[in-house]
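Next come two complexes built around subunit A: one with subunit B, the other with subunit C.
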Partner chain A sequence: MRQWLAVIAVAVLIAAAAPADAVEMRGTGTLGVVIERASGSVLIVDTTARAAIGRVDNLGDLSHASVVFSPDQRHAFVFGRDGGLSKIDLLAAAVTKRIVQGGNAIGGAISDDGELVAVSNYEPGGVRVFDARTLSQVADIPALGTDGRASKTVGLVDIPGRRFMYALYDAGEIWVIGFPGGATPRIDKLTGIGKLPYDGNVTPDGRHYLAGLFGEDGVVHVDLWQEPLRARRILDNYGRGEERLPVYKMPHFEGWAAAGDLMLIPAIGRHELIAIDKQEFREVGRVATYGQPVFAVVRPGGRHVWVNFAHPLNDTIDVVDTMTLKVVHRFKPGPAVLHMEFTPRGHEVWVSVRDANKVQIYDATTFAKKAEIEAKAPSGIFFTARATRIGQ
Partner chain B sequence: MRQWLAVIAVAVLIAAAAPADAVEMRGTGTLGVVIERASGSVLIVDTTARAAIGRVDNLGDLSHASVVFSPDQRHAFVFGRDGGLSKIDLLAAAVTKRIVQGGNAIGGAISDDGELVAVSNYEPGGVRVFDARTLSQVADIPALGTDGRASKTVGLVDIPGRRFMYALYDAGEIWVIGFPGGATPRIDKLTGIGKLPYDGNVTPDGRHYLAGLFGEDGVVHVDLWQEPLRARRILDNYGRGEERLPVYKMPHFEGWAAAGDLMLIPAIGRHELIAIDKQEFREVGRVATYGQPVFAVVRPGGRHVWVNFAHPLNDTIDVVDTMTLKVVHRFKPGPAVLHMEFTPRGHEVWVSVRDANKVQIYDATTFAKKAEIEAKAPSGIFFTARATRIGQ
Partner chain C sequence: MCVTSSTWRWWPSAILMFGLAVAAAAASERSPDTEKLTHLVRQDCGGCHGLTLKGGLGKPLTAEHLGQWNRDQLTSIILNGVPGTPMPGWRALMSEDEARWIADLLKRGTLR
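Up next is the complex of A and B:
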């Protein structure tokens, strides 16, 4: 009898264990993660349920953390400031694999085929490339400028054809690395592009790479559809200017919104967005805003751009009409609005309000608040639909 | 003892059942469906594995079938020609729910919040709207033109703000229906727009609705960012023209590719694509092609457009460079190339070759064939990334 009871116990245990092992079956198209910087954790969210569905801890230093997704939208790759690269299973709410690949990192990217993950390093500099499945290293590409010295790298993005593109901060260069067949990179270098490129990004079509300069005013532009590649200076007045205005936060290039024929980019040190013609990359207008813009995030489709601001005016969001270049709605979600992320077809927008420990969800058409979620000092919000975008 | 054995048996059965019930856990971002028209089935595919992972049968008449996806990318809604609306669970490879909502239907759409599915009917005409979860009917909107007669509807698409837009074939009108709060539609009508609109589509930004006319030459354009809405005639020469050229297949408006500042649209009855300026909607050039174009599908990012052709030249694909408007690659996948679908970041393209019973997969950068999959007379190919697109 004892024996049978043992068998029964085992069988019952197996049966009981099944639901725990079998994580709820669900689609992954409406999942996302919210960075909780102070606690080194990420919250996993479901945008349809407007709810958190899990949390993953022990991810290290998540200041300036960024996230990309596997093409199947099951896994998130979290790039920490401390060089940590964590692969998270969103369905299991668990770390699949975690490595510390450098001493100080500043973001990463995933190749268009989803096979390669690249990380941009301040320390030791350069870019390291990993197999997206295993996180084993595929390539280590030091950023040695023409002067032979190692450089920090910034503005790393994926571009079509198993390629990545980034700028060398110290050396003032822009590199394109490609992996046409396997692990050996092909490297194309543009040298002498300007002083101290501090960030960069590619337009959503993967065509135009833009890098901002910290060492002088101006922006560097590379048209990836022209051969040979060349770096061209545009927007000669873009920067801190002669007056050396106080800059509370250098705006990230992720905050450059492309809407229709315009780009709306944060001015530096001023309460303005600058409207840029996407053909000629010339300034065509300015939008007066509430504060110094940090992110200018376009609603999918391009009708509006939502803008948040640097400290101390970071309790407010402006919504700008991209046809009239006027602010059509201004409101105060709460203290320390750090990031905004739209659902893929733009019907709702999620807003992290760090010092209220909340993520708020707004109807993007009516501007009505629809829900809010508790989160620990939330900063970046990243939805899995990014997996479908060039330069995600 | 008998009693215990029964308990054990039950326990073991529960344990054994778990794996069968627990369909393989996977992300849904790389899934898709291939229409197998002749057999009334769809093949479920995984684009990363480049493989079929399931088949769902008994879906009725799938000629001209089209597919949209739930935001979480777990479910596909298949619109059959016979009025059938089937909700398919891609993870379980099973029909979740199937209704026959009309006698003869021509496609459908899903609202930007994923809550409403609309179907365009030839018979009995009009549009019916269903709850995306249950497929229970939310609204039945007959298409009664100003003359009071029931009209067929065509060119149904989703537009931002829980709205849909479509044309009335017999009445020559364009309607916008919105569901701002619940099940009661708000209807905006544009009347007298031209004779017999036969198809329509919206640009990827959700701004410009375009409908082709069968009863006269020309295209109707509605700019959804202008108020009040008005229908404007563009492209006065677009149509069969004075010569009444033999037209082997009226090109669908789904085949209008938007690339950068251009749209490349199939000419009617001619071996040409017409290049249209996206600002003014004026013709700015022509591309000589191998045959009468059916679909002109843009590679995500817009660098190339891939074009297939009407019978009897339907064994060939042209790849057109959108900067030079030249054919840069021409090849013959095989007999009856019916459709092409790109992976979301455009690294690969899937091609249905109906009379070879194959779906072929090409590298979009090198044009090399990477794999092929057996399918029964495949036609339309639809990937879940469509869930992220306005006017999916």
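Up next is the complex of A and C:
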């Protein structure tokens, strides 16, 4: 009898201990976030079910929003255009914490240990760093170039060793900020790197940072394994002196394509990708594409690169074979294809088709459409596997 | 007034229909496809200038910020771009009338 009472007592205690807002017990490795840019909301999606499982509203202006994930892949940090930084619980589909940290932001990154979240700002410029747990501010680092003027910051990524790296758009510099211990940053500046760096990214091994220049015909390369750091110009005159086409949408370096010995990056103002040798960082070929590339996203494993294009040719995707550097498949998902995201091991790819209000899901091998999900003006798609990658 | 309550019930939708008809007529009088252009301003200009036009990599396009340029200057910037900056000329994608319509829209600040 006593034993029975004990069992009942334990059962009651367990029931009482369960929180009122308990969420379904499940993993988060197949989850992701789709930005709904016009309505300031995000969809929580399940890549295995090929379905939306929740929506989180009231996240502000999400034009040009991006997302990073906590190391445990339970929380997403959403960076909004209006300076909003929202920490979302993917299991509860709810906002855990939200702050408006600046006037006009462009993106963010999370440190390799998952403790620091950095946000890149257009207004007031510079980078602000926050405690990933509480979103309280750890550091505010204005981007004052050698000319003393405040600069917009672009191409912010995490690099190994509690560090971040970004470019100063107006000043033409690249900065590395590190937090070796505590909240005081160590700042390394590379100045005079070139005119108007518009985006940058680091290779998946965390070694090479590349920044594209808008004001000049070239790309800047920094090898993070070489001390002291040095900014080196590569691909000088890749436009061969020809007049650039009008650029109706800036290309992105995010999700870029490192495949085997090659990297494929968008050529600005041209209907081309440039193939770069990953050892020498020199051009080894071009890929003729349908329009001006915006994203060139590699399929995990490196077999293909999927490319979308700037307005007004943004209804089309090219799939490029990374061995032959030829387009092997060209198709039209619909009006305004804004982003593509592969499932973690690359068997499927999700495509946001903004003006059709749909996310489409394709088989990455056969290119057949597998499913569609309704979404309100979808743009960026971000899966939790990004938590495990450098420079995401 | 000898109007029955059931007749009254129809009034709101009748007024709405009338309003829509007037709006449609006004839209068709202007040659630019205003719905298409509004969408373009919000989504494609918004890529650089922000969905609410408060600025991004590009300058703010709020009426306040644009006060220093007149309609013709703005129309010219839209069509020809600004050399040395990422602002492209949109001449290949729109007519002068359409660019002028966008300049007016931005000067009025009535997109949102």
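The criterion applied here is as follows: the second predicted complex is superposed on the first by the 365 of 392 C-alpha atoms of A that agree within 3 Å, B and C clash if a C-alpha of one lies under 4 Å from a C-alpha of the other, contacts with A are read in each partner's own complex, and residues count from 1 in each chain.
Note that in this section a contact is a pair of C-beta atoms (placed from the backbone, for glycine too) under 8 Å apart; a residue touches a chain by one contact, two chains touch by 3 or more.
Keep in mind that what you see is a predicted model, and the values were worked out from it rather than measured.
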Pick one for A:P335: touches subunit B only (first), subunit C only (second), both, or neither. neither
Using the touch definition from the top, say if A:D61 reaches subunit B (first), subunit C (second), both or neither. second
Once the shared chain is lined up, is A:G29 touching subunit B (first), subunit C (second), both, or neither of them? first
Max touched-residue count on subunit A (subunit B vs subunit C) belongs to chain B
Based on the superposed arrangement, let me know which partner A:P71 touches: subunit B (first), subunit C (second), both, or neither? first
Which holds for A:G192: it touches subunit B only (first), subunit C only (second), both, or neither? neither
Applying the touch criterion given at the start, work out whether A:G285 contacts subunit B, subunit C, both or neither, answering first, second, both or neither. neither
Applying the document's definition of touch, where does A:T47 land relative to subunit B and subunit C: first, second, both, or neither? first
Just checking: does A:G161 make contact with subunit B only, subunit C only, both, or neither of them? Give me first, second, both or neither. first
Identify the partner contact of A:P142: answer first if only subunit B is touched, second if only subunit C is, both if each is, neither if none is. neither
Can you list the residues on subunit A that touch subunit C in the complex? 37-38, 61-64, 81-82, 104, 106, 122-123, 152, 154, 169, 196, 198, 214-215, 246-250, 311-312, 336, 354-355
Spell out the part of subunit C that touches subunit A in their complex, as residue ranges. 39, 42-44, 46-48, 50-52, 54-57, 81, 84, 86, 88-90, 92-93
In the complex formed with subunit A, which residues of subunit B make contact? 1, 4, 7-8, 11-12, 14-15, 18-19, 21-23, 25-30, 46-48, 69-75, 90-91, 112-114, 158, 160-162, 205-207, 225, 260-261, 279, 300-303, 323, 343-348, 365-366, 384-385, 387-390, 392
